[in-house]
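Before anything else, here's the structure in question.
Which chain is which? They are A, B, C and D, in the order written, and residues in each are numbered from 1.
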């Protein structure tokens, strides 16, 4: 399907950048879960544009529960959450609506939707639509946390600036996850933050934009989740991750680093530790044959530089079929990667809850009988 | 779902490495397609183990149509293809069945299936199961070819040996695709073949194994295919690709190469060429916002080194919960990447046909009225 | 899945009887369809409670398009429609919330949702939720009409009062469909209306309720739609119909009337008429082997008497596990069948569009290039 | 999808009446279930044609497990079961292949599959394809029985001959289910058997055929299963039931009998009995609002008379578009209802397991750790 994803926990996304409101329906939630309003607002805040390193569009992103919640708790019915659009500048777009912004969807959308797409601000393709995904994801994160499963994503690389790696040690990793989840700019090594901010500021001043690499870790995920052949955890996670606009690559564990290694160098050997089976390395990122092995799940996601830049670019008018130059006006992000990390966490959490329900059923997450 | 994939063209996989037979049901095929037996056999041959660079298990891999084909043509009904297993050596496995082969599914399968999994030769997880996928893929490739869409995958990198890139020019690319599809070892630059073979032979002699990177190109794919938000072409392709055993990363276009670039360096600017809208570069690999843009679709897939190696490794017995050493016996591949390329093509073709049917319906590929 | 239905045209339902708003997301609509506002409002009006034969709850049922429509036309993106709840009387429900209304969901919902369900007015189970279904259905009816396909449902039986049958002749049938679609109380023979109204009034005065049988006909549906084995038209239609609250039976063509007949009496023999293959009778209701045969599709749906009656009934308190008597207060419908007919039409239209897209793809309904 | 059904327990059907073999892939089975070979063979025998009241085609219907079973137990992997076709008479069909058998799929299949369908013996549409469904169903019945859930179907009506009803009392009902499941001709009142057999024999001698009504009961099904809005138990069961060839109607509980009743007559009032909530009547057939209420689930299914009769009928040649007469030759069933009952049980069991897994997950049915 198209705007619905998930077998058990299903989300359906709707809305456009300049419409009245955007939203998401989350279906399949267990009943009796008290909405963690604080977590929800925190997650929304992590996605929010702030300061000069992001778009000038400022939305308060208040999430309103339209259904599925009664007396503060989930009812087990579809939970529709909506967010109003308030700060849209639609006139920025009408002048150049027939000129394809390079690396954007304008041209393909025009073909696919025969010219009827809502072009204002990217319409349904806009990064604005990640706001309801983050709202939905907050509910999934809450479910995972209740089971002792924690996850987080940091900006491993922004342009040429590199953050430290996640720790191999699970206790240290838990501490790192807690810390980055609290930060607006998710870094393990705080000292690189100024360099990253500077890289974004430079890009902005050059009417340009930068991208980077996100790294995600998931701790305490149970062994044996994921379905061969076609619903491996890697398949389902990558499916969800590539739904995020600027994502162009996903690698698990060592990923592309496997290419020039010998098996003997990168196989994850096993041992017994504290009565539990663990691997001595984690090159496979916690997944064997598409199934979780109990080690931290780890993967990287590359986010391309935001294509909407003010620099003059060459393009075409797809209505008149003429070559033309284009200088994009309007408010745009010189970088989105520091905001995208919480979108990644959201899609990941939604996917993992769905995977867990495949094995354990919806009642696994159910609240106690009222 | 688990062993079924596809919305319109659906495949269902079954069988185990050492079972009587393995097979696939392809549902949703249009009626009236004459089976291209030559193409099917060619594709099966490309996957086949041969010489010393692959496993010593030799199967004739004869594909038998059990249903869905009548008088040599598809009927529109589910097409079940089966392949008999003939050369299995099951006793190799029973001795060490409770010892987890590093980076393999043994331990996670034991947890997931409560000890009831068929451990012989990897059971349902075996690379042997890619044989029916290739058979199914051959039908999909045939459908694409009939629409003038061509695809192919070459071994871009094997261990440290690098092949040339696909050409940007579409005519040259078409020639390259034709050539590599004819070769057992798919390379653009034939001169690197001996180095690659040597790398595999070395690995084999060291009781080790190597992996690498596959690069795929798809030519003449129409503009406007792929569904936002959650069924983007990238989402569906990656979902399918990560279903293949050893795949640990997928990147489209420039992929992870986007991380340290400015938007102005990597945005694909547009122009009119021969009355058609094209991009002057193809860093996005033919996909914008998850939708095809008419340029060649290009992506890379990393295949980790085959984990089954004869070298002594450390592991655990998951029944007795004891540490142990393990030297894997039996016949194994020192490399599978040169065989995996046709599996990638198969999963890609099946996925693309499915995407095309989302937009155009099943009748798009239908034969003329008899 | 649960609150999402459809392979190609997918609807997702949300909301509760006494929540802020209810709504539906329609995904998979072709782009460029001008919303027929008049038809939409007409359909909503057909469902609306009016007079003394329906509930005293009066909602204006204004449908607001939140997404997926731009400049009056569909964009091809998910179309979210919402309807505000304004006339809810929640206090009617809190007193008796732990007492199971006979033949209602109260008890099963309490078990299923562990006591967290929104019990007010039936919550998500309320007939109120059929309002967004009718809104969604109006779009589907519009698509069918554009292809020359017409459908309609009349009240074949209400309690013991019987309406005439649909005509066999297709021209007369078209006229009948047009007429009943214009009427608030859908009858072929207007003379039975007063008897039906009287039957409802009697039930109301006796604090009781009545049900009946709806009959639906679809004209000009193309030959060859419906998928063996498991997505037959009958399977998909019945799936959709049984989603409607009070429906307890569905029969196609002669239905249960087949039981005591000989094949020779009820087989639909064929002939050539005006260059087209037709059947001389239509006992199979336009469907053979689950596939449309070009004759009018015909089926009947039984709607049980509304279970919410004010008469004293015996029941239990499912919290205290005690026997108790119950007199339901609040506003209720002494009959819903005359309002249910448009819900049936809506679910049918959504399903048929979905079936057509299986064969012809989404682009079948696409608007002309703008 | 088409030939795959189920969210958690998924079956995929393949094969044709006159092909080499027919079969089914059952995916999503829990691991560690010992195949009850005796039950499987018993179920196959119940479906088998025997004596003069059924087709003269005699198949031994030996079910071969191709995958998913290891050492006699399920592995959790897709379980493919195949059955060879041995007694096909293909030449019976070629002469009249372009003449539409009345009430059959010949004409619609010709349109849908553009003339490429396998017409021999009905191809994929043949009742022969119910054999693998019964094999799959036997596994599902086994799972249900392990949870103390029992089901059965009797021939409530054959032409004008009527069987007794299922008992309301659950102990008596259990006894009835056990008895009818043991019988080739499933009747509660054995005394009507001779009349039913005679009705079939009469039809056969008149070159005609008869149908009837099946009634199914399911005992001990847990409260709270079924998903609003679109995956109610009634929706999922009817979807599955209408997949069976000759089924033209399904009604739950009182079904069409609700039409002329007052709510006060048919509402199922509740009481506490032995510490459990029960209803004093069961007019809703164990289902409220699409969700199981713990009472026996009861429904009726109408099976139309087998349309393949030897009597002369009027028809058309759909290739030449000419009117013609037709006398069908070959071996056909004068009645299938007594064989269809086990197909109904099979589809029902598969559906109920699927519904249970929605709530409880696949592990609900899992075997103990080996």
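In the analysis below, a residue touches a chain if its C-beta (ideal position, glycine included) is under 8 Å from a C-beta of that chain, and two chains touch if they have at least 3 such contacts.
Here the structure is a predicted model, which means the values were calculated and not measured.
Q: Where the contacts of subunit A and subunit D overlap, which chains show up?
A: B, C
Q: If more than half of the interface residue numbers appear on both sides, call it same; otherwise different. Which is it for subunit C and subunit D?
A: same
Q: How many angstrom lie between the CA centroids of subunit C and subunit D, rounded to a whole number?
A: Each chain reduced to its C-alpha mean, subunit C and subunit D end up 27 Å apart.
Q: State, to the nearest whole Å, the distance from the C-alpha centre of subunit B to the C-alpha centre of subunit D.
A: Here subunit B and subunit D have centroids separated by 38 Å.
Q: Could you check subunit A for residues that touch two or more other chains and list them?
A: 1-4, 7, 13, 77, 112, 124, 228, 359
Q: Help me check something: in the complex, which residues belonging to subunit C touch subunit D?
A: 1-5, 7, 13, 100, 102-105, 107-109, 111-112, 124-125, 129, 157, 159-160, 203, 206, 208-213, 223-225, 227-232, 234-236, 238-243, 245, 247-256, 258-264, 266-272, 275, 277, 279-280, 283-285, 288-293, 300, 302-307, 309, 311, 313-316, 318, 321-323, 359
Q: Can you list the subunit B residues touching subunit D in their complex?
A: 1-4, 7, 10, 12-16, 19-23, 25, 27-28, 31-32, 64, 66-68, 70, 73-80, 82, 112-118, 123-124, 366-370
Q: Would you mind writing out the residues of subunit C in touch with subunit B in their complex?
A: 7-8, 77, 228, 357-364
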